[in-house]
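Letters are used for the chains, namely A, B, C, D and E, taken in the order the chains are written, and counting of residues starts over at 1 for each.
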Amino acid sequence: MILRGIAGLIATLVLWTAIVFIFQVPSYLLPGPMEVLNRLVFLFENAKLLRHIGVTLTEIVAGFVLGTVIGILAGVVFARLPRVERFATPLILLLQTAPKIAIAPLLLLWLGIGPTPKIVLIAIVTFFPVMSGMVTGLRYGEGSFRDLAAVLKLSPWQSFWHIELPSALPAVLAGMAVATTLAMTAAVIGELMGANEGIGYLLSSGQENSDTAVVIGMVLLLSMIGWAFYEIIELIRRRSLGRFQLS
Amino acid sequence: ADKIVMQIDGAAAPFYAPLYAGVENGIFEKNGIEVEFIYAAAADILTNIAAGNVDFGFPNGDAVVAAAANGLPVKVVHTTYQRGIGALLAKADSGITGYKDLKGKKIAVTSLASPNYLQLQVGLKLAGLSLDDVSVEVVQTGAIVQSLQAGQVDAIVFSELRKYNLEADGTKVTMVLSNDFLPSFGNVVVTNAAKLSENPDLVKRFTTAVTQSYEWVIDGHVNEALDIALDKYAPTWPKDQKGILTTAFEQTFVPTVWQSPLTKEKGLGAADVAGWQKNADILAEYKVIDDAPKAEDFVVDPSTIGQ
Amino acid sequence: MEFLVSQSERMIDIAGVHKTFVADHGTVTALEPVSITIKEGEFISIVGPSGCGKSTLLRLISGLDQASGGSIKLDVSGRKRPVGFVFQEPVLLPWKTIIDNVRFPLDTSGISRGQGDKTALDLIKMVGLAGFEKALPRQLSGGMRQRAAIARALSDDPPILLMDEPFSAVDLLTRDNLNDELLRIWQSTGKTILLVTHSVEEAAYLADRVMVMTARPGKLKCVHNVELLRPRGEETKLDPAYHALVAQLRRDLRTPAGEAH
Amino acid sequence: MEFLVSQSERMIDIAGVHKTFVADHGTVTALEPVSITIKEGEFISIVGPSGCGKSTLLRLISGLDQASGGSIKLDVSGRKRPVGFVFQEPVLLPWKTIIDNVRFPLDTSGISRGQGDKTALDLIKMVGLAGFEKALPRQLSGGMRQRAAIARALSDDPPILLMDEPFSAVDLLTRDNLNDELLRIWQSTGKTILLVTHSVEEAAYLADRVMVMTARPGKLKCVHNVELLRPRGEETKLDPAYHALVAQLRRDLRTPAGEAH
Amino acid sequence: MSGRFSAAIDYTLALAVLLFAWWLATGPMGLPTYLLPSPLRTWNALVTIALTGELWRHLGFTLQNIVLGLILGCIAGIAIAYVMTRFPKLAVWLDGPLVILQTAPKIALAPLFIVWFGFGVLSKIVLIFSLVFFPVFVGAVAGFRALDPKMKDLSKLLGLSSIQRFRQIELPAAMPEIFVGLKIGAVQALVGAVLAEWMSGKVGLGYLMTFASATYKTPLLFAAVLMTVVLGLLLHVALTILERRLLSWKGAARG
């Protein structure tokens, strides 16, 4: 995994440098890695970069965990009661497709300024892929396991914990991997709605100031956070591989 | 002290230095106010003000006119920028020196609903041209300056402030200020109509603090104010641009943006009601808004608050 | 053909139960109306051609599927888990080790881990899987998986045991051993057992009664009483009556459907 | 014990092949070194206790798994698909109908649809699944699925056929029929067949030679020549030699591992 | 089929409840129009632009981008997922850049896409593509990985060509997981199309939204939002029907 990470990082840096070098891209369009690094060091020294990272990271973790838990639970309910799923689908699609910025003032009105609307926004986007993964994992999972659960008259909780969650785990993990990327976007949108700290805030100030290096730097930081999330999910997947792989 | 939230247009930038210095120097505190700044797009600020999500806003004047025209209960309580800061920007080496040179060129604005677009239309008309003579591209704030730099467009109609970004980046630009032919207002302090009538004292104290903050900068503290802004509030801003910013403040903002003949007479933030009305009438004439609102309905002179 | 049993002894009461599947390729009558009453503690074997509805019948009794008509009554007042089921394919949870799979019914009914382990280990030893407690299902051979599934079905000691060809994938010796173990457990616990098998010898050796079914549409052809002495063992297999029954069952299975014997 | 066969006749040459699995729960020697040479057109049955390495041996021969040591040579020059395999569990593609599953090997080797359909329909009829051509696998009973898998393995007429307990889930009558069909196909096509079974009767009835294996560690105990006349049929089952062999195989399986007979 | 019929009833019922809640918020609860216009005002705004024909121009443009981006994203997502699961060595090198590219928030990069790929439809398609790709990719990877080893045995035994193996075994087996990605991808395509039009352009539902938002024409804003939601719902229903058909062999548990 370490190898994979380093290989990926090197490949990205090489590609990036090559593009900047070969096409002689001016820095207002795409600054090179060194320039971005310099800006990051500058922000670290002058702009309490770590504090901003901490703020955003907290929001992402809180929103991601919230969305994942609700997504898994909703997935179970939806897989068991397709009517409930059909009933909830319009609302869910409304939340997913309605441009977040169009409903931002409403979110602020109901949840106040501060971290809550950001966390809720991240939870909303995280929810959907996790829920979809869970529903699919359960709906298309081994029918014979359902028979086993029925014969053993397992309680809903028991069949969730012992049978449904493990069978759906690959699909749920895939949903969570997708959710990480959406969560990064939601974090930015959340901080564009009105904020004075966080990576998204620094990013929007970079955008306002046409400071491409700051924009790319913040994008890179968010990528790294997303990547860390992704690797944690990969780790869980690999750990459970031996156990959870269907024979 | 009363805790209030002020939402500022765009993002933290050294151009808002007087407000930041006001906080750091205890001017707001002295007026019994503890202020927190947050940032968003102009239209969102006005919606938030109307909804009561935030206490004060600092958006562009055109956005307030449009909001008022659509019935949002917002009031301008401090016309901080006495003129508009919209401008036509083109690279110096493009040969464009004014609207007359735009025939056959490609020009970017941020939205067909934006004041930039209106300024472009009026500017073209005064130069004897029309929209049919140019091609217009719509490009969002985050990309419009780069599109000029990259040569994707020949000119942009946007904020005067971007001239300083471009020059800091080594790009010489020609600028035509829109305010010269289309009076408008840059950032102004806005609050909710209900808040103004229910708690005029708070609004009064707030506008007073704003005025005092700007006065301190005007009174020869540009350097200190910029230091505060660059160190504590707009730290992403490259420090080596302080020279350019100092020039901009001393030659433009202090003499012509924050102060006007009217403010000499009535104090900073004075309401040029006639100017506002003219602005609204032109917005209506060019169908940016359906009907022009009455300026006295949404613009208040700071000196009259609480009386 | 039907037994008359006292009300209290009736364990499973099947009356006119039938099942039809509707599928794209047409309607399949898996089971024509079947009626039979099974007494508490009875051991019933079911034989019949492939596709005649044996599995379907067990699934209906267990409540996994709904009958298209008729009624099934189980007299299992108050038991949370009336039936244990050995499915035709070993349905082991692939993410659990063998011992965890065997202990699963106990874990999910609140038995303590220690107690559960003891029971599970005994059963694992009984089915000849000692040494494979910590193996995962995919690391076992087909027959070993089937035996693990048998151990699981026995672990929580259900009053009714439904077994769908439980020994089809194991060798003769193991099969004989497991047959005897099953009889031992049955005798000591008084379970009611229904066992589907393709081995007429096994059917005759184990059961009190043998149900013979005929193919498409699946139908109960006849029920044989097995009058062999209990307990059964090596001597049973030398009993001429046993061989006569086996021969009879063989004949039953070879006669075309519908033809009464 | 080993046959001496002319070079050209050797179809499968197994020399010192063994297999060890390493797993969390320990190392399992699935197969101790096995050596045997199988002639072209030979019919070999394999019997042995559950878990003794029968499936493992077939998987090694087919090339699905790699041996831990030893060598396996197949004399199948130029054949793209030398072996057909009936797995211990029917591995049908769940999204294809029965006829599509049976025709699958033909479809993927460029046989025309019309020709493929003809072959597939014949085989489906042979295994007794007529009427279920358009059914999906999950709509069949266990034994029916197994028969579909047999039909598939036969459809593209491979020179070597490996069958892992192909008839374990079907009833006696069907089993007898399929046994005879298999013999007929074998005789008319000259295939080399290896068949794993738990039925010693079946093993003796079908094979030229019977391999007997012993349990853990899996080992080839002995190989019996079956000197019964061909073609075989009802008379074979009356032949005392057949019964003697069956009895011998039974004894072999009952003797504890390692003990030579 | 009664299943589909009752699904339609459920959707309609749910929409009715949403509509009622919306009406409740704007009517009795008195949310002002600039925050949330009433259903009636929104409907009127919608009818107005529908009658002038403006709506169809915007809708058509957005829909065209969505479909194009969705198809391209899907093909690339499935193809690259397949290549990576087939050649795990390649994955070591591709995984990192792919994840970095994906977790980079597109909303932040969207403005740069315009200066990188121009004002035309290309920058929009690139943006939608980049949003659709990853869900489909992740779903497909999960699907290809979950392939039953017995199926692998079968294809090895039959000596299937790569194309046969993919077409006949791996793709159908991975379909359930691919559909998860596809459904998320469809929603992302919508978000991407709107986002792209928000960044630049003079046509499309996203453009309509920025225009309406900047001019405080909130009923028009919500009419456009409503149209995207309806588009999303239609895409979802279409995918669900397709899923039902393609995955009927799974005999999915139904209510």
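Definition applied: a residue touches a chain if its C-beta (ideal position, glycine included) is under 8 Å from a C-beta of that chain, and two chains touch if they have at least 3 such contacts.
Note that the structure is a prediction, hence the values are computed from the model and not measured.
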Min route length, chain touch network, chain A to chain D, equals 2
Higher number of C-beta pairs in contact (A-E or D-E) found for A-E
Note: chain C sits from chain A at a C-alpha centroid distance in Å of 49
For the pair chain B and chain D, the C-alpha centroid-to-centroid distance in angstrom is 85
So, in whole Å, the Cα centroid of chain B is separated from that of chain E by 38
Touching at least 2 other chains, the residues of chain A are 29, 101, 105, 109, 143, 192, 207, 212, 215, 242, 246-247
So chain D residues touching two or more other chains come to 24, 89, 136, 138
Touching at least 2 other chains, the residues of chain E are 35, 111-112, 115, 149, 198, 213, 250-251
Which chains touch? The pairs are A-B, A-C, A-E, B-E, C-D, D-E
Chain C contacts chain D in the complex at 21, 23-26, 28, 47-51, 54-56, 88-89, 97, 128, 131-136, 139-144, 147, 164-165, 168-175, 198, 200, 250, 253-254
Given the complex, residues on chain C that touch chain A span 59, 62-64, 80-81, 83-85, 87, 89, 91, 93-96, 104-105, 107-108, 136-138
Residue positions on chain A within touch of chain C in the complex are 142, 144-145, 147-148, 150-155, 158, 162-163, 166, 240, 242-247
So, in the complex, the side of chain A touching chain E is made of residues 3-5, 7-9, 11-12, 15, 29-30, 79, 81-83, 86-91, 93-94, 96-99, 101-103, 105-106, 109, 128-129, 132-133, 136, 138-140, 143, 146, 170-171, 173-175, 177-178, 180-182, 184-185, 187-189, 192, 200, 203, 207, 212, 215, 218-220, 222-227, 229-230, 246-247
The residues of chain A that touch chain B in their complex are 26, 28-29, 42-43, 46-48, 101, 104-105, 108-109, 112-113, 192-196, 201-202, 204-212, 214-215
